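Just passing along the structure, written as structure tokens.
Per-chain residue numbering starts at 1, and chain names A, B and C are given in the order in which the chains are listed.
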Amino acid sequence: MYVLQILVNGILQGGIYAIMAMGFSLVWGVMLVLNISHGALIMLGAYITFWLFSLFGIDPFFGIPIVMAIMFGVGAVLQKYVINYVARAPVFTTAILTWGLDLLFINLALVLWSPNYRSIEVGYGGKALVLGELVVPHVRVLILGISLLLTLALHLFISRTKTGRAIRACRMSVYGSRIVGVNIGKTYIICFAIAAALAGAAGSMLSVVQTISPFMGVQYLFLCFVICTLGGLGSIAGTLVGGITLGIIQSAATAILGPGYTLAISFGALLLILMVRPYGILGREQYETGI
Amino acid sequence: MALLRIENVSMSFGGLQALSDISFEIAEREVVALIGPNGAGKTTLMNVINGVYSPNKGRIWFKDTQITDWPPHAVGRVGIGRTFQIEEPFKNMTTLENIAVGFLFGAARRKVRVKGALEEGGEILRELGLGEKLHLSVNQLTTGERKRLELGKALSMRPDLLLLDEVMAGLNHREIEDMINFVKRVHQSGVSVVIIEHVMKAIMAVSERVVVLHHGSLIADGPPENVVNDRRVIEAYLGPRYAAARGFR
Amino acid sequence: MKSWQTKSLTILVVMAGLVVIPFFASGYITRFLTAVFMYLILTQAWNLFGGYTGYISFGHVAFFGVGAYSTAICMTKLNLPFHIGLAASALVPTIVALGLSFILFKLRGHYFVMGSLAIAEVFREIVSNMTSVTEGGMGITMPLLPWEVETLNKVFYFLMLITAVVTAITVLITVRSRYGYAFRAIRDGELGASAIGINTTLYKTFSLCLSALFVGITGGIYAYWITYIEPNNVFNAQISILMLVMVYLGGRGTILGPILGASVLELLSEIFWVKFLTIHTAILGIMIVVVVLFMPGGIMELVTRGRAGISWQWFKQNLTRYKV
């Protein structure tokens, strides 16, 4: 039973991990850009949700579409006016730039919302489904459900729409895409905007289950990276699998070692995977971002 | 004793078989041209020899030492130098500094000091006709000059085997002539050369032997006159119908 | 006078000035300069690795923290004198760097970036949790020196100054040697560097270890200076941030760049940002974005280009060079 609880916790946690990582994976896989400000985008999503809740009384889950819309806009502006200018640069250059953006966002949050922790109290927060000794909190199941829904939506978008095809084309070959007439700049803008929206959604959902602070995004950045590596770059299903896998690993690790070692565990998981399967669990070789 | 011996080398990338069971030898003081249609696997073969890739199957011997899985720097140190198809000069260094790197880390394993490397580098550059450009940043060189710099860098490693990957690409007639002469001089100084080229004039002028790759397999190996009349080679380049039309059965 | 003579004379004059200052200036200025020297060491050490090999390390503060804790543990738990503690703060981070090199340099490009990002945090976590050795979140209080404030100010002033000078000389010698050539070749084209005979992993490791050594010593001196250390202040991301921004602002991959960047930023910090404390980080972020987009070579690039080389067009070129 205990093991089952760990597993369930892991899967539920994995749901939110997956959606967090989805945006990062999109940007990394398609544009080969390491968006170090991804954690900050998640954090912004959480804060916007907080504002919606505390100023207008909007329930966080209902606020998700609004947050996604706002973050979509933020992402588009960012890509168009900043990141597009370094999209072809070597990885270190883009990383430094997005890192600078990260600093900006965190400071923005510090100024707008002060460093004090905020939290959102929803009435149904404590309710859980109890099956024998197994505790399954409602909120977590809802989060998992929404994550899966968003993942499905993303998959349909990428595979069925024209822009989605453009995104896939860019991922495979920028040169080739240009030749057939894809507007790389615009495609990147939409791609990043979607990623930001997904980050926002992740932030919204996070705000229900943990306290919000300007620095909350920092730890999630590395987790996203590990998840993408675990799951394999360039694969939506892979990110999902990676998220859930990491969720289970973290859940087990917390049970054995206590909560202080999250980052070290993820780091260890990353190294292990890279040694065994340099392309991740589900990744495909041509999308490996090596040299 | 063969300088370089390639034994049953195969290389595949995922589903793509880039090289299939390649075997041949290169003797000392030999110039061999490596030709074949685009995608035949020439650069891949060079990468395998050089250590950038490790072959899936087969072995490579250099001067009786097995170098099959050696990393590029080890291969470089033991006496194999190469140029890259897309020139890779060190962008933030001057021309002279670029060449000096070869002296400092190349095959000789001598205790070359920085000062000595810069001096010798200057000499090679003068021979290559880049004497005026010693202290310029490489960004200011023309394509022809960059190609010569690439060659110079490979030479500064004092290799016994030089791998040239399309050094003539993008050069005008005059520059090609100069490059041909230079390769000849290198050969005369005792270095074996493997040259990947598409410029037929260069191939006929410098090489004593031509090896042809097609779809990753070795389809011909012999003196230039024989190879260019070999049916399989003509088929590879121009298609079976043309070969048939030319009267080969 | 020949240029090297002018240079040597300038350096001599500046050094003489620096040696004399603490005997005439206030404690505030002495402490301010000590902090400047500290960042001079850190930036030069970071630049040796990040600027010259091109491998940007986001987590360099890890070595700072390890150095600080090495000294602290030596002096408190093991009751060893300061000079042993200092030696430890040089040795331990170097060994850590060596160990890390085995892992980190197997990670290519993107993976290295994220790995380095995580390193400092991982160390912070570990140190916070090893409470038996490190007192965890409660921190370690260093034994106090039985001297007056004035003397203490001067002592640490000179400690940092001497270390800064030693670092500068080491960097100068290394860069001009074959190691420097290896580093630059790695930065400019790792594949080409490999093909030309450079064992890139070996040289990257050497660069990282040397860098870690100086960063570690600084951590050790810092611990004794500040007298109280805890995971959050010696594994503080802010230090990594400052190292990076200073080097980028000054001009990475140059010898003077880090010195310029550190001096300029510390000066600006003192003058302006005490007022703008709340947006300090944001300004650093904006600085990075501006430097990367418009003047990637930093101030040194502006200096070497001279008035003739700088124009709106040049800025625009830099901006659009990597544009999609």
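Going forward, a contact is a pair of C-beta atoms (placed from the backbone, for glycine too) under 8 Å apart; a residue touches a chain by one contact, two chains touch by 3 or more.
Keep in mind that this is a model prediction, so the values were computed, not measured.
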Starting from the Cα centroid of subunit C, hunt down the chain whose centroid lies farthest away.
-> B
By count of C-beta pairs in contact, the leading pair of chains | A-C
At what distance in angstrom does the C-alpha mean of subunit C lie from that of subunit B?
-> 42
Subunit A-subunit B separation of Cα centroids, rounded to whole Å | 46
Counting in whole Å, what is the centre-to-centre distance of subunit A and subunit C, each centre being its mean C-alpha position?
-> 32
Touching two or more other chains, which residues of subunit B qualify?
-> none
Out of subunit A, which residues touch more than one other chain, so two or more?
-> none
Which subunit C residues sit where two or more other chains touch them?
-> 191
Residues on subunit B engaged by subunit C in the complex (per definition of touch) | 50-52, 71-74, 76-77, 81-82, 84, 88-93, 97, 100-102, 104-107, 113-114, 117, 153-154, 157
Footprint of subunit B on subunit C - complex, ascending | 176-178, 181-182, 184-185, 187-189, 191-200, 253
Touching subunit C in the complex: which residues of subunit A?
-> 28, 32, 34, 36, 82, 84-89, 91-93, 95-97, 99-104, 106-108, 110-111, 184-185, 188, 218-219, 221-222, 225, 229, 260-264, 266-267, 270-271, 274-275, 289-291
What residues of subunit C sit close enough to touch subunit A in their complex?
-> 54-56, 58, 103, 106-111, 113-115, 117-118, 121-122, 125-126, 128-129, 190-191, 237, 241, 244, 248, 278-282, 284-289, 292-293, 296, 319-324
